[in-house]
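In the two complexes below, chain A is the common chain; its partner is chain B in one and chain C in the other.
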Partner chain A sequence: MAERRAGAPRGVRSRILDPGDTALAAVLLLPAALLLSLVVLYPVGKLVWTSFTDLSLTSGAPAAFVGIRNFRWMLEDATFRQSLWNTILITLVTVPGALVAGLGLAMLANLPFRVKWPVRLSLLIPWALPLSFAGLIFAWFFHSEYGVVNDILRRLGFEGVIWFNSPRWAMVAVCITIIWKTASFVALILLAGLQTIPRSLYEAADVDGAGRWRQFVEITLPLLRPAIAVALIFRTITALQTFDVPFMMTRGGPGSSTTTLAMYIHQNTVSFLDLGYGSALAVVLFLISMLFTALYLRMIRARG
Partner chain B sequence: MIAGLESISSGEVLIGGRVVNDLPPRERDVAMVFQDYALYPHKTVFENMAFSLRVRGARKDEIRPRVQEAAAMLGIDALLDRRPAQLSGGQRQRVAMGRAIVRRPQVFLFDEPLSNLDAKLRGQVRAEIKKLHQALGTTTVYVTHDQVEAMTMADRIVIMRDGVIEQDGTPEQVYNQPASTFVGGFIGAPAMNFLTVTLDGGAARLGPQALPLCPRNAAIAARHQGAAILGIRPEHFRPEPGPHPLAGTVQIVEPLGSDTLLHIGTEGGTVTARLPPDTRASAGQRIQLGVDIAKAHLFDAATGRVLA
Partner chain C sequence: MSDRSPRVPPLRAIAALVLLVNGLFPAIWILLTSLKSEPELSRTPITYLPEDPTFQNYVTAFSDQPLHLFLFNSFAVATLSTISTLFVSTLAAYALARLNLRFRGVILMAIIGVSTFPLVTLLVPLFEIMRGLGLLNTWAALIIPYTVLSLPVCTLVLAAFFESVPRDLENAAMIDGCTRVGALFRVIVPLSAPGVFTAAILAFVNAWDEFLLALSFNSNPALRTLPVGIQLYQGEFTFPWPVISAALVVGIVPLAILIVLFQERVVSGLMTGGVKG
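Up next, the complex of A and B:
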């Protein structure tokens, strides 16, 4: 074979039977590339195209190209602004919230328990639970009459809160639920990070005279930074796409005080059947998510 | 236990006359050099060395000269801005020592500090540690599995087995008067040879062969009957048979240049003899070697403790 490669030009038949490295790579990648195009590139392309049209399933008229009209509308749309702000607020509150709670859980799970599996399992359960289940469960927890939260508040001598009647308290309930649901995911990533820190560093710090808090600040946090970065980016991207929890708990209310961008997209496309405007909203969400994904990729590359 | 990283179940640990059992590591005034160095990977060499002083509240203008002094002593003053990942094994080892020196503690604790270095570097750093110890004069507890390190560096060796002290003494004592077969086998390379013998009226029997003993061992043998272990160091064999020959068959010949090692099969088991480099022998050859019997040791066959 080596002789043939070095020798005379090859025929079509031999090229098919014995392709070069580049050709072979292309052939092997082709099925995956086709599949990716089908399930990612085509829908995204279609979405972007639709965002420049007035496609609406209620009018019955064929879609017409309207340029950036849908995007101009957004600037005047108070609900869009509200849902964008809600999305940002949820991201700003639940991402750091889940990080702090997750770090606490991870440090707890990293303690030298004799039996480790109940601790790990209790970490995994909230993570494995579907988001909509968590939403339903917490909707009951925060129920103004029968909810456990108000029950505890009353037993402690406080007045119960009508959680879902007040824009502020509804947002608080949604954020608490999201933090509970997502802290375990953050905890799992951070636990993996914690386990890579050698015990001897803490022993060295013990001998060096550093107390527990100092060890946490000077050793744990700096060495956990890569894991924290990964957890933060993943959590931020999913927080920007928040849908299930507020949908199950408040349906976006009262008013649109807990409506997120993803919910507003759902409302426009599924409820109002306004696919043109809904697609334009989806493109905005896509771009925001892309921005964070690019940031994530850059950080990963910088680390590598 | 000395550093305070493990709890003490019984007994007392005293440092400078003070019982430290209940003191946390930071209050024991012990500086430790870890087997894996345990350098903080995100801190520079300077920060690693300065850390203990910083957490103890030392002033900046006090920290810098002390770190620089220790770094100069160890020849790592050009590396102060680097991180541990940018250093070689030997350099990391020096930084770990520097971190301990900066503290000026009452006691240094070295936990197998050379085990991660290659043989050449190990010899070099071993000499440096010894020089450093002579310069500082600080009490140093040096944990090692390497008998060469133990012999060359210690003023006093404590040999432990399964958490129990087997023998405590100067290097000469543990070499010349091993308290047990474990100590005899641990100190010295190649290890001490152990032959199972039968004590009979002041002589040691090795199968049909009788090995007359020196007066000291003969007196011991007279007090004990039956099976015993005769310990002979490889260097206590002589090429000429002399008055106390040991017969056997040469199995392996190892010429080392400085001397020649013979592995010989005898009635009591295989022994290794360290002989002059010009010794001529070949595998399979029957040989008779002299034994410097005054330097042999008798141990209890059951407990391994030296017979008295």
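Up next, the complex of A and C:
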């Protein structure tokens, strides 16, 4: 009793100076909550609503509710189908591509170099480079006449490729660029994973006479699985949103052969000012992306 | 072991070469291109090193387009959004790291969920919101979404650093008369300086690199950021590569300086809450 009474005034005083945890937490989290409401929550609601309307900035008419008309249009829209397929193709090619290239880079970077900073730098520069810059730089690499890629091909005795005139080669160039740009990020994530693998495991395997390849398959890969999973999911989500690189390299062409879903959303919204249809397209991309986010959150929760 | 060791240095040398060429060749190639004259560029077979290095392309890059304005806008938008991200995420990170939250898990999941959010899909509603607020063609139209863009990663990085500050130091400050918020800004934030710094660099790079919103929300040429401004050099039928290269170099140099100076911080930050692809 005496203790409690003695503690009471201090408790009151500290409550005046420091509001209780819950109240303080509410105050501290308020700015973040307000921002997220303004930039994410409210827009998502608005997006879903607009996708069921015919809102267009060209007609000037007020938006009318049109039910699922926009979504029905999608089914008959060849450009939508093409852009959806291109997005899936880019994801299917560049995610495993960046993973393999990134794993290679990470293994190389994990060698015991005496001077570490050049290695670090060579992974960080591609990461920091804006995607849009990478698109422009590689467009120059793949230039049909003066590009360094065709120059090397010609020196090796092949014929140069007119990259951006053919749907297939344009897509190849776009995918190579995305793989290059994103492999460094994957490498940085995997490098962190590699550095947590105890050296003693390899030493023990050496004693047992296991070769390099068996060590890679039986020690490195299994212990790297969590890092690989994180890299895979992040890469997939960003691949689904691909915009900058094809926009800078090909403007989606030739035709719409390298147009991604994100580019088609942008085109409908900013160029055609058809906000209703643009929103319906965005809802589709949103749902696909949420699928992978849910997967990611489940993975994190499973790991605690 | 002794029969293997002579083979190791060459392996490491080859590895270093592969890493360096992969990482730096594009930037070096664009630097070399920017130093070549137009006639030298339009010649086959192409030259690798510039025969007669010239800085003319840099002069043209600044005179053809307001490149100094693009730079200024990029700096302003990136710096201001970094400051606002740091402020908001410092408060949120403290709540997550130090307070007994009832919904800590839910809040954490929400923050991580936002970190993977496809901003592209919000182009239409954000455009309308910015128009409604009269913010189109202002820096604020970019600063507000960029703050959200970097909020998750900065919050995660800062929370990790805040957790490592001993509670005794915080308590000592409070005994000396600090409030909790006072202790946050006078003790925890200074002691987490490396973390704050890491978060700042990640936020800055995110904002410096963003393209889609900058392209869509600012139609006024004087407000263009670098990634958007750089495509203005292309004419309808012309593609002045040497000048574009010079402008690209101007846009890469600030990033390169940042990365060279603070590479260790960036790597540790990416490993704590790497988000960008």
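Everything below uses one rule, namely that the second predicted complex is superposed on the first by the 273 of 304 C-alpha atoms of A that agree within 3 Å, B and C clash if a C-alpha of one lies under 4 Å from a C-alpha of the other, contacts with A are read in each partner's own complex, and residues count from 1 in each chain.
One rule holds for everything that comes next: a contact is a pair of C-beta atoms (placed from the backbone, for glycine too) under 8 Å apart; a residue touches a chain by one contact, two chains touch by 3 or more.
Since this is a predicted model, take the numbers as computed values, not measurements.
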Superposed on chain A, are chain B and chain C clashing or fitting side by side? fit
For the overlaid complexes, name the partner, chain B or chain C, with more touching residues on chain A. C
Is A:Ala262 touching the first partner chain B, the second partner chain C, both, or neither of them? second
Identify the partner contact of A:Ala204: answer first if only chain B is touched, second if only chain C is, both if each is, neither if none is. first
Looking at the overlay, what does A:Phe113 touch: chain B (first), chain C (second), both, or neither? second
Output check: A:Arg214 vs chain B and chain C. Expected answer is one of first, second, both, neither. What do you get? first
Here the angle between the directions from the C-alpha centre of chain A to those of chain B and chain C, rounded in steps of 10 degrees, is 80
Per the contact definition in the header, classify A:Ile162: touching chain B only (first), chain C only (second), both, or neither. neither
Tell me the contact category for A:Pro126 with respect to chain B and chain C: first, second, both or neither. second
With the two complexes overlaid on chain A, what is the closest approach of chain B to chain C, counting only CA atoms, in Å? 5
What is the shared patch of chain A, the residues that chain B and chain C both contact? none
Chain C partner contacts - residues on chain A that touch it in the complex: 17-18, 21-22, 24-25, 28-29, 31-32, 35-36, 38-40, 42-44, 46-47, 50, 105, 108-109, 111-113, 117-134, 136-138, 140-141, 143, 145-146, 148, 151, 154-155, 180, 182-185, 188-189, 192, 230, 233-235, 237-241, 243-244, 247-248, 262, 265-266, 269-270, 275, 278-279, 282-283, 285-286, 289, 292-293, 296-297, 300-301
Residues of chain C defined as touching chain A within the complex: 11-12, 15-16, 18-20, 22-24, 26-27, 29-30, 33, 41-46, 87-89, 91-92, 94-95, 99-102, 107, 109-110, 112-114, 116-129, 144-145, 147-148, 151, 155, 174, 179-181, 205, 208-212, 215-216, 226-227, 230-231, 241, 244-245, 248, 251-252, 255-256, 258-260, 263-264, 266-267, 270-271, 274-277
Residues of chain B that touch chain A when the two form their complex: 3-5, 24-26, 30-32, 34-36, 38-42, 51-52, 55-56, 99, 103
Touching residues of chain A toward chain B in the complex: what are they? 198, 200-201, 203-211, 214, 218-219, 222-223
